[in-house]
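So that we are looking at the same thing, I have put the structure below in structure tokens.
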């Protein structure tokens, strides 16, 4: 082993700066690396699109890691099982219609699939605003370093452009709220009471363009639509990510 | 979709309680889900051992997620490339002998491999002490819930037993420090200055039983031995995890 | 003494998982383990109902422990003394109509009575939302681990079902606020100025169903109704708990 | 209901001031209201001694409330079951020799028993020093208000006298550490590794006078003696509280 | 020196409990021990009224201690100099009409005068609500221990009664806000921009009954009235305290 | 009232800057404005010395404000009563030899007396180091702004000179610790257990020069000497302040 | 080197007090020492005006230090290059129309120029209110010490007068918000979405008097006007500072 | 103005990555951008060396910004005035031998000079360790992002190499402590008491190589040597920076 510390540092710095610079112009910017964002990233990248996942935290996976109340298991209903199989996530039958999978395995397999398909990941990166120009369409994201944001240091952000933006940020619906905070024409109804069956049924309807250039998926879709809350069942989440990828693909095809 | 919230909750609770209870008796307890711990878990489980990774945080992956100084890339030297390939992690040549991989992909692929091999994961779980009985050997771990520990609430821990314990907790060498804090016969020299080449060369020697029943690997091995520091190069880490799995296997074969 | 640590751990884990799973379907879910919640739990369980107290903190007892301004004594007026006697709480006459009891003894005796009557306790458990389905009635609670909530970790909750829910969470009226936050049809007037006599007189009127499936009692009842504040006198609180148990019993008898 | 707020306030203030003033001179000061302290308080008060429990927190019960890792159940072995029965705590057999009880019920019943026997409770009260005069014996405690201590406000403490002091403060061994901090002649070995069987067997030997005027019981006894750690099994704790009451009684009889 | 620690503790506890209990029924409750509150307390007590100052902090004096921007000097204009002299506070002429005094001396002399006149002080005591009964008049205060409030511990308050309440709590106008928070009929306009001359001229007009039973003085008077801000000049503050004492005296004479 | 804001600001700024600049050279620097420091300041200034009290907090008075355990009363024994009378502090007899005074009045009267005698006060000022030159004697203090210190901002301190320094900083013995931290030849034994009688008797012996140029008084004297702790009795404190003033006077007379 | 600590302290104290007192009456008060404020200060002082920059932090430079996302470089477009050259800040051409400069050099050179032109700096000084008298014009600022503000200590502010005030406080538009908070007649629209080109074009229009006596420049101008956000391009900022200096000069010339 | 957000972002990212990568191999790494570090950087760069200043904070200037006790003025004695003049910093004579300058101007001019001479600045960058290889000489620094360090996120550092390292980190002597923490052969005596004259005289002697490859200057030099403390006089600091540049130059010339 012949190793030089400065070469290691340069390998990291230069490789990343090159990739980061290249990915400042995207086909699809997926904000949030939870279950629906990961599915969307994997499927959109499989179609050959230039995709990046912008994740606020150090790790992707969102609320999946902790399962339900820290018991690291997730439940997927019959309809979503097809996607578990697609990504090689093993599951066991608990009761007819209810499959249980490991939450850790689920994150790992979805992320690995997105990487294999060619999606890029920018973690520790927060979205704090959007770019909207004369056509009134979201055409980019204003991004900052999460640790800088956490410490409240006064540092300006950077900007990336995206033909389509996916808001896959869960309950918080971060992109939608960025638009609303600046008085963009959007109504965020907020999640309603829990009613798993209803929420899982309707999530696909709510997975749609919520503002020119922005598609909501996963819990963000339900939060914007005022839909019921789901709980620790993930079938609808996975299917919503799949649908978001299809809508984005359709929009890009028309450009 | 026909769904009942209580059935979802029960599916999670009962499945996890059953698995947790079963895995309170382990062949190998791997403390720390960073790169060396994940490699060790994957390879030991491939050999058919009953293995669990005890991870303090919500997500596994340790220091790999952030790459170097938040640029999410890792460097692996020639010697370690074999293991990247084994786990399907793609890499590019930066300069002869230096390969660069995505840090996000690396975590995802190592974790997926450990899952596929049958390892279990207990995340949000902290080790705060060890069990040592008449034979002077570490035969179990005292574990607690990380959120409880973070909030300082006064709650008693639980205990699991393991025939072999792996300390894969990085710089902190948590298991070694638990032993030292209670005046067990162990010397922790602490990591020395950075000297990547030396550290990467010697880590395999330091991957060894550091106390009856406890094998150190990864940065914990170097920290206990007083070895030089490595920096953001991961070949030695991966190889150290591999060796720890071999030593554990040897010990178990002799029992 | 022959003892094995793993058996101890399993005894705790399996016993609790079994009870927890069983009590995910309740007759009466009592949210808040303060004085009115404990009285309600004890009396409802004495009637044979399947009852659980969901308590946010590690310990039950609420505001009673600290008496008035940390002097650990509580005052109960003539009308409430009957319930002190029912639960075996000793009191001394301060002045005609005013009885003083130990705040510590009061908590202990009420809790012991609830246990003896068969009520279950889930402490360190926070209610963050309710389940409402097509009939518009609260039919369950979305619960999370308090330490997880305190640390802000991103972990999904679980859900339990209850035929009747009691909001016994004091000033905060937690269940009522969960409903209001999600735009349920409920008005919370908030506690008015202090006027002990009026508040103690009217609390029984305010102990009633405040939303389909939810009965408020104790200070939560007064807070929802906009009633005056009570101060450190507890007769009305105890009587309100008693009345809530009766209303719940009536509702269950009609189902 | 005829009620006057000032009378309520005076009832609390005067009753407590009178009791507090009277209990500034004690036979036995029990520091710490966890399981061993509560058993000790109940049994010593049953013998007619003037006893007070000094508890730092708002609630007594110590580490029992949370059971093991927040599952609210405790395990008691065969030897300790006699005391569960004495205090009316219900338990179920998990496996021969292992009984499981509700942690909430255990706290409530022990506390209620101590109250019934005549012990007083001073909660939200912290011990920060001891009184030692010419005879070198601990003859009193320096106490402060816990909220004052938490906020770091500069306020002088008060003092109470006790013929015998019990250190029932768990791992922290607060009284022992007060003595050590001021260079009193005491050695605190600190708890050793977990080994439940050994710890439970030896705790009764360690329940003894550790400094003139101070008896350690419960985990404080093991912590001072350097004994192994116990885990979530409580038989030894209860028996240790019983023995501390007997030693205190013997010492008082000789005075 | 023959001294017993318990006697010292009893002397403090019993003397204070006796005084505290006696002063739970007041002629005048002055909330806030800043300059106007101290002047009011001194002058009202000189008239023989039963007066207590309720001060949130450990020390009285409010904003006077720090002078202007931590330079410990205060300025008093010609009109207020009479009161400086009345209380024996030395001052020097800076420029015609502007006198400078030591901020530390000012606090000490005002406080000493209030004590000499017979006013009582309850420091570390926060007002969190008011008592209003059928006549719609504030007839008492709900008080709590400041350290308890700071730590957020769940402890009930006590109550005292007062024929007249003075809100001398500065910008915060605490009593007025307690009334407003509970929807009492009061408008708090909030302090306006700084304009010392105007504010000093008008403060006496604003020193008046702002709600039945409550007189505002000092900066609280200006804050309620929407008057301009004063800055570090104290003449109006002192005169406002004087006027509040006169109004209170008038009201009491009429009862 | 004719008032100009800038003139008010200038009056404060210029008056204080002139006094501060003048008092950068002192006869006696008294660090700490608690009871012993205030007595010392009053008596030394009465003798015509140029004296300043350096107080870390916004208000002087130290631990006296809170009395014992927040009950605002202090006890003074027979021997110290003479000084209460000297400063006009009223007291009542609790039991032969024990006098009780108001803690608020005590602070106010001592401070007023020090002001009347001509002592200056620099509050919100922290001592972080001492000046020692070739003669090995403390000849000055390194002072900083307390808010700056609290916020951890990187700002350099200023320096004042004093012929004699009094360490009246209580338990913390701040000046002594500054000397020790920099390896000055001083031993700080730390306060011993509580034993009021012994501590009150010996405090006058311990009130002495503890390092060339530094006299300790009050609790700092006992803390340095390793004397017993006193509790909430203040006679010795006042007498110690008196003695420190006498020693300082003697030293200055010899210069 | 012959040096005396007290002389050093006096040199600092007296020099600063003299300058501070003199600069309590200003021609132009510039609030905020970021890029536009520094340019404005330099150019206004070059015209001979009495100018002071009031900066909240310890250091001036605002958001320039961190460049974009902590990469310490700033971009200036063609139009602004003239000012870079004016202040001697070196830049390199990245692409036609885009110049890159060092963020550290930019701060240093702008600040040095302002100093050379005669502007004064009051750092660690926060503006918390404004002075408005009968003419309805802002004629002064209420200032406080930032560390005092950060620690929440209760200390009164001082006041300075200014013929013209510049709000150069960036997004926060601090002066504008002070006016609005006190119900002054001003509308703050808040920054809109990012659109660099538009924002850079319009900023000069928005650099204008926003309230009698107050001129907004830099991001504060855009924030008040509801203009688009700019990102890490600084040409408009510099030009805005230049224009604010011209408007101020015009206003002063007319007085 | 024709502007594109992505081009602005790329200009910043690519320019900085190129400069950062190039400056990973330095002649001289100056850790700490306070007065001595800035002088050293300016003078060494003037000699044509490849120099970078590694600054932990967002802004350079260290303790100079706040002058003495937040009065933003610094004192420089006769000997140092030459360097003030060299960097164009204006000063006024306070008393023979004592010159006063603006602290803000001093930082700006020193920084501007270092930039003009060609030094690079890496701010928000913390040094957490050193590189030492077979020759026992410090040959590089382990650096991390300050915001990451502040948030405690688990992210690996990068490494840069330097032929000579300057420890200009003030009291903290960060580089020296990195070496000591890892048991390098270095003794850090720590600053002694304040004695400005002595400290200013001796600082040049202490400005020397303190470990192979590391030169200390400024307060770090005195801290390592155990020299007296200086206070707010800066002549020695500036001269020490000058000497450090000369020593570094000598060492480089010999390589």
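We call the chains A, B, C, D, E, F, G and H, going by the order they appear; numbering starts again at 1 in every chain.
Quick note on the criterion: contacts are C-beta pairs under 8 Å (C-beta built on N, C-alpha and C of every residue); 3 or more make two chains touch, one makes a residue touch a chain.
The structure presented is a predicted model; accordingly, all values stated were derived computationally and were not measured.
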{"item": "Labels of chains that are neighbours to chain G and to chain H", "value": "A, F"}
{"item": "Chain-contact steps, minimal, separating chain F from chain A", "value": "2"}
{"item": "Chain pair with more C-beta contacts, A-B versus C-E", "value": "A-B"}
{"item": "Recurring contact interface, reference G-H, options C-D, B-H or A-C [over half identical by residue number]", "value": "C-D"}
{"item": "Mean-CA-position distance for chain C and chain B (Å)", "value": "43"}
{"item": "Cα-centroid distance, chain D relative to chain G, in whole angstrom", "value": "62"}
{"item": "Separation of mean Cα positions, chain D and chain A [Å, integer]", "value": "52"}
{"item": "Residue numbers of chain A (touch at least two other chains)", "value": "5, 8-10, 12-14, 17, 58, 65-70, 124, 131, 140, 145, 147-148, 153-155, 158-159, 194, 196-197, 231-232"}
{"item": "Contact pairs between chains, per stated definition", "value": "A-B, A-C, A-G, A-H, B-C, B-D, B-H, C-D, C-E, D-E, D-F, E-F, E-G, F-G, F-H, G-H"}
{"item": "Footprint of chain G on chain F - complex, ascending", "value": "5-6, 8-10, 12-14, 17, 20-21, 24-25, 58, 124, 131, 140, 145, 147-148, 150-151, 153-155, 158-161"}
{"item": "Residues of chain C touching chain D in the complex", "value": "1-5, 7-17, 58-61, 65-75, 77-79, 88, 90, 92, 94-95, 97-98, 100, 102, 104-105, 107-109, 111-112, 115, 120-124, 145, 147, 194, 196-197, 200-201, 231-233, 235-236"}
{"item": "Chain C-facing residues of chain A, complex", "value": "62-63, 65-70, 190-198, 229, 231-232"}
{"item": "Chain C-touching residues of chain E, taken from the complex the two chains share", "value": "129-133, 140, 142-145, 148, 153-159, 179, 182-184"}
